[in-house]
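What follows is a pair of complexes built around subunit A, which joins subunit B in one and subunit C in the other.
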Partner chain A sequence: MERIPNRFGVTVLLGLAVLAPVLVQNDYYIQLCTEILIASLLAISLNFLIGYTGLVSLGHAVYLGVGAYAFALLTKNVYPSMWAGLIVAGASCALLAWFMGVFCVRLAGLYFAMLTLAFSQVVYTVAYYWRDVTGGDDGMLGIPKPEIGIPGAFSISLESFTNFYYFVLIIVAVLIFLAWKIANSPFGRVLQAIRENPERVEFIGLPVHRYKLFAFIIAGTLGGFAGGLYSTFQGYISPDLLYWTQSGEIVLMTILGGMYSFLGPAFGAGMLLFIRDTVLNFMEYWRIVVGGILVLLVLFLPGGILGSFEGWISRLSIGGNDGDETRS
Partner chain B sequence: MATKPVLETRSLTKSFGSLLAVNEVDYRVPEGELCAVIGPNGAGKTTFFNLISGKLEPTAGGVFFEGEDITGFPPHAVVKKGVGRSFQITNIFPRLSVLDNVRIAVLARRGKTLDMFSPIEKHTEEQDEALEILGEVELEHKAHHPTTELGHGERRNLELGITLALEPRLILLDEPTAGMSIEETSSTIDLVKKISHDKTVVFTEHDMSVVFSIADRISVLHQGSIIAEGTPDEIRNDDLVRLAYLGEEV
Partner chain C sequence: MELDVSFWLTQFLNGLANAMVLFLIASGLTILLGVLGVLNLAHGSFYMLGAFLIFSSSIIKNPSWFWVGLLLAPLVVAGFGTIIEAFCLRPLYGRERLYTLLLTYGFTLILDDLVLLIWGRDYKSVPIPALFEGRLSIGDFSYPVYFLFIIAVGPLLGVFLWFILNRTNFGKLIRAASTDSEMLDALGVNVNRVFTGVFALGAWLASLGGILAAPMRSVEPGMGVEIIIESFIVVIIGGMGSYLGAFVGAVLIGMLKAFGIEILENFAMIFIYALVLPILILRPRGLFGETTI
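For the complex of A and B:
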């Protein structure tokens, strides 16, 4: 069953997110929290395809990368505006997803996965060799954090880690809320139906390809926003963002947290980045730890960490339920 | 006899390699009738339904619904025209709730499935209609359960409910009672009879006593061809049919 976060859980989570900079009191960790927020958006966007529509994409890093390059190119070469940068990041990924989606949604299973992988590798190669525009394997440096506000009236600098954290929190919260709305709409339920049984969806009179394409574009657009945020967050980018291992990492986040839970992928993103940062301090091979956890998870908690946790909660509280346990 | 057919196939043919699963079938369904297609295992009944409903493209021949050529239409377009079908092998949405299985079909019929921003529960008209349909197939009390908790007969009923939710003018039921117990079969057959009061229904069924008691017309498919067609009485007395298929049964 789909697990939708309950009000209490969301309030706690949001409260923690708002207080995080006060609680950690440390620039390094504020930055880690910022990165986790961005990765959460990225993982939730991918989960539109994996968990909701049942399409395992192995090329989701393409949106992280393209969104990041779009933001960088616009703000460095054309006009240094935060909003314009983010909108261009989202829009370019929407277009790219539309284009790739037309081909990808005709396929299913492994073929779909392979085609998304292939597309992302093509884009990686372009970014790698098109030195004049992308800087090739040197990447791009000095991506700005333009201030926000109303010209002439007021402006807020995002140079401080805390300000930037709150800016990212607001953008990510709004976009995740939007994704949540979509996930619980009739359209979102159709995507779940496609995951369960695409043939039968055709036979209730809906063109499955078109719905898959919409899901693909939504996922790509949200991913593009994450890419734009990442670009300004890091201040430098390289083609590595587009490499297939990066796509694999986003898939890992989704599975770690639980793909049948709306916030599961965000939880997975937080875990993966936290493990990376703590383990990296004493050994280079942090991926071994992640790999080990993943093996244990797949064996013992196939619903992912947050997914399984929500499962227990809803089983415990089934008595006080109004009969809607199928969606909580 | 003179009413124009709701469904018509002309020389409809499907071959799988050298196997002619459906062979030049000319078939007409008059409006409002309850028509049975019978035949032994492998006769081509399911393939025939697949051709009409757009799941398979015919090798040759055509399909006409209410006079319009719908040959080669994709399944969703055939549904939009007004043809609904159920499946011999239960074809539902396993990890959605029983309610959602039907609700999504109601939303689809009413063109609400591109709504991305209002919660699905806010569509109360569609929800009520879905619950009403679940009542018809005796699943209302299980509305909020996952389909995994349903027994075989209940899953068959849900299969039927999804199809009814589409309010098709022509409804194709591929062995609606497959694998059901005797009691389940009789309540499903009652339902099929009820549906046929205001809809045109074509169904397949292996239980001959059921077929002969409820069908207005029977068509006998044998190795992909229709070898006999008529009222239950005419079929019962047809020598060819007795020889090819019915044997001792009638």
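For the complex of A and C:
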């Protein structure tokens, strides 16, 4: 995390992302790539809490769900606009995160995890039973993909998978870039200091609770955008998006890739969705495979896949052979 | 008026029966939190395993199926728990707590799919054991005997647990480990073995809960991840590490659900959260909690 991301690596990654639809040439995989982009944003947003501030949230699905429902309710019932939908998704989650955060950031450790879990389950219960608004456990169908552009001048339809992919890529890239800027700002450094030693930061005279609250709101807002994108991407949402196992999955993505690396969670999101997709081709029991990988990872590679890889690379390049020899 | 009283009495007893099952799961969960400092997300899976094992046992047409299952299934699950603790959790104690959380989440995923793989996706129903069939009638009021059996078993197991914790050597070690496991280690006690024992005991209790609940609920994959949320709430209300708190919390939740349903049909759970959120916010250690985690 302290390392500045390799410019070369980021260029390659971005190039691959831009060329992906040309490379895969297949609607199914373009959709998988789109989903991976959205999940990457979601995982990176959660990492603001886990990796940067050291707060393990077990309720992050609440933003995925609330963002998704906000987008769906606005575009279906009020005004079918992509931008308005996304803004409402982000804004509603910012407000929700603000409200929840005021209570959550005062707790730490397991209590923080439990309170976030409890809040998200409240929202889940409301979405599940408030049939008139959310459609209850049937969820909501037919969420539109409104066209974008300037009214009267030009418009771009997002119905084609490729167009939609590029639209999501631009939004996600901009938001991730923003997140990266925040993470590397003095504000982001303070968050890392809080993770390492909150008492000390308090002694310096910085308002730890307020910093945590901002981190909470940033994570929630970014998660809300991911929820809005997911809503229009799938065209169908259900309360399952808000269930605690969904939150667990987002944590899993974050750790799978590596929480101490900025792009690690995105990598984890890609891994998880790819593994699920691959396993589902053979059998429906993808959870056994993912759970097994998770167990092995926690036991033998706790830095996450990309995190461990980066550490290995930097040992090779910075420490030369010394690092390796002392290890072996 | 007569009818009304018997209706509320039924609700009360239903709430109590559900509370006893919840208590079995939450008591293990809370002891694990107090002693090991582990929030075991897979605890609900042990409950699920217990229910599915008793289902398999009920297929055997021998009348003693329930008792054989009641005896063997929790031992199987406890053995399973022992393996998880000894080989997977133990290496993680020195590290950040996040990792134990993730590990148990990984086992939740594995066990959920394992159950699907072995028993299939469809709902199962477990018959009520022959001894407890039928209803007990007093005047106009009648109530299923099996539910009364559960209501009786709960406090019995509670006393049994209390006895283990307060009157046996193992219990003394558990309490010592929850206060200061390092000191216990320094005194020459094999703390690892105590931890394994606690984990196995928790798994044993949770699967017992699953067995007792099976005849009164439908047995399905996913029942584990559902019950764990309610058990957490019980633990939060009662206070992490407090075994008495788990009992009080379970009864409270059982009652709230039983009577909440009458007031607001679908929003019974909202009552529960309305209770939990202020407790977590104002008194995060719960009503009876003293242990620091």
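Criterion: the second predicted complex is superposed on the first by the 314 of 328 C-alpha atoms of A that agree within 3 Å, B and C clash if a C-alpha of one lies under 4 Å from a C-alpha of the other, contacts with A are read in each partner's own complex, and residues count from 1 in each chain.
Here is the rule we use: a contact is a pair of C-beta atoms (placed from the backbone, for glycine too) under 8 Å apart; a residue touches a chain by one contact, two chains touch by 3 or more.
What you see is a predicted model, and the numbers here were worked out from it, not measured in a lab.
*Asks:* Go through the superposed model and pick first if A:V290 touches only subunit B, second if only subunit C, both, or neither.
*Replies:* second
*Asks:* Would you mind checking which one, subunit B or subunit C, touches more residues on subunit A?
*Replies:* Residues of subunit A touched, subunit B against subunit C: more for C.
*Asks:* Touch test for A:L14: subunit B only (first), subunit C only (second), both, or neither?
*Replies:* neither
*Asks:* May I ask you to decide whether A:S185 touches subunit B, subunit C, both, or neither, giving the answer as first, second, both or neither?
*Replies:* After superposition on chain A, A:S185 lies in contact with subunit B alone.
*Asks:* With both complexes superposed on chain A, which partner does A:E199 reach: first (subunit B), second (subunit C), both or neither?
*Replies:* first
*Asks:* Looking at the overlay, what does A:L117 touch: subunit B (first), subunit C (second), both, or neither?
*Replies:* In the superposed model, A:L117 contacts subunit C only, not subunit B.
*Asks:* Now for A:V208: first (subunit B), second (subunit C), both, or neither, which partner does it touch?
*Replies:* In the superposition, A:V208 contacts subunit B only.
*Asks:* Once bound in the complex, which stretches of subunit B touch subunit A?
*Replies:* Residue list for subunit B touching subunit A: 53, 55, 74-76, 79-80, 84-85, 91-97, 99-100, 103-105, 107-109, 112-120, 123, 144-146, 162, 165-166.
*Asks:* For subunit A, which residues are in contact with subunit B within the complex?
*Replies:* It is residues 1, 181-182, 184-190, 192-193, 196-197, 199-200, 202-208, 211, 323-327 of subunit A that touch subunit B.
*Asks:* Considering only the defined contacts, which subunit A positions touch subunit C in the complex?
*Replies:* Touch list, subunit A to subunit C: 50, 56, 58, 103, 106-107, 109-111, 113-115, 117-119, 121-122, 125-126, 129, 243-245, 248, 251-252, 255, 284-288, 290-292, 294-295, 298-299, 302.
*Asks:* Which stretch or stretches of subunit C touch subunit A in the complex?
*Replies:* 33, 37, 39, 41, 88, 91-92, 95, 97-99, 101-103, 105-110, 112-114, 116-117, 225, 229, 232-233, 236, 240, 266-267, 269-270, 273, 276-277, 280-281, 284, 293
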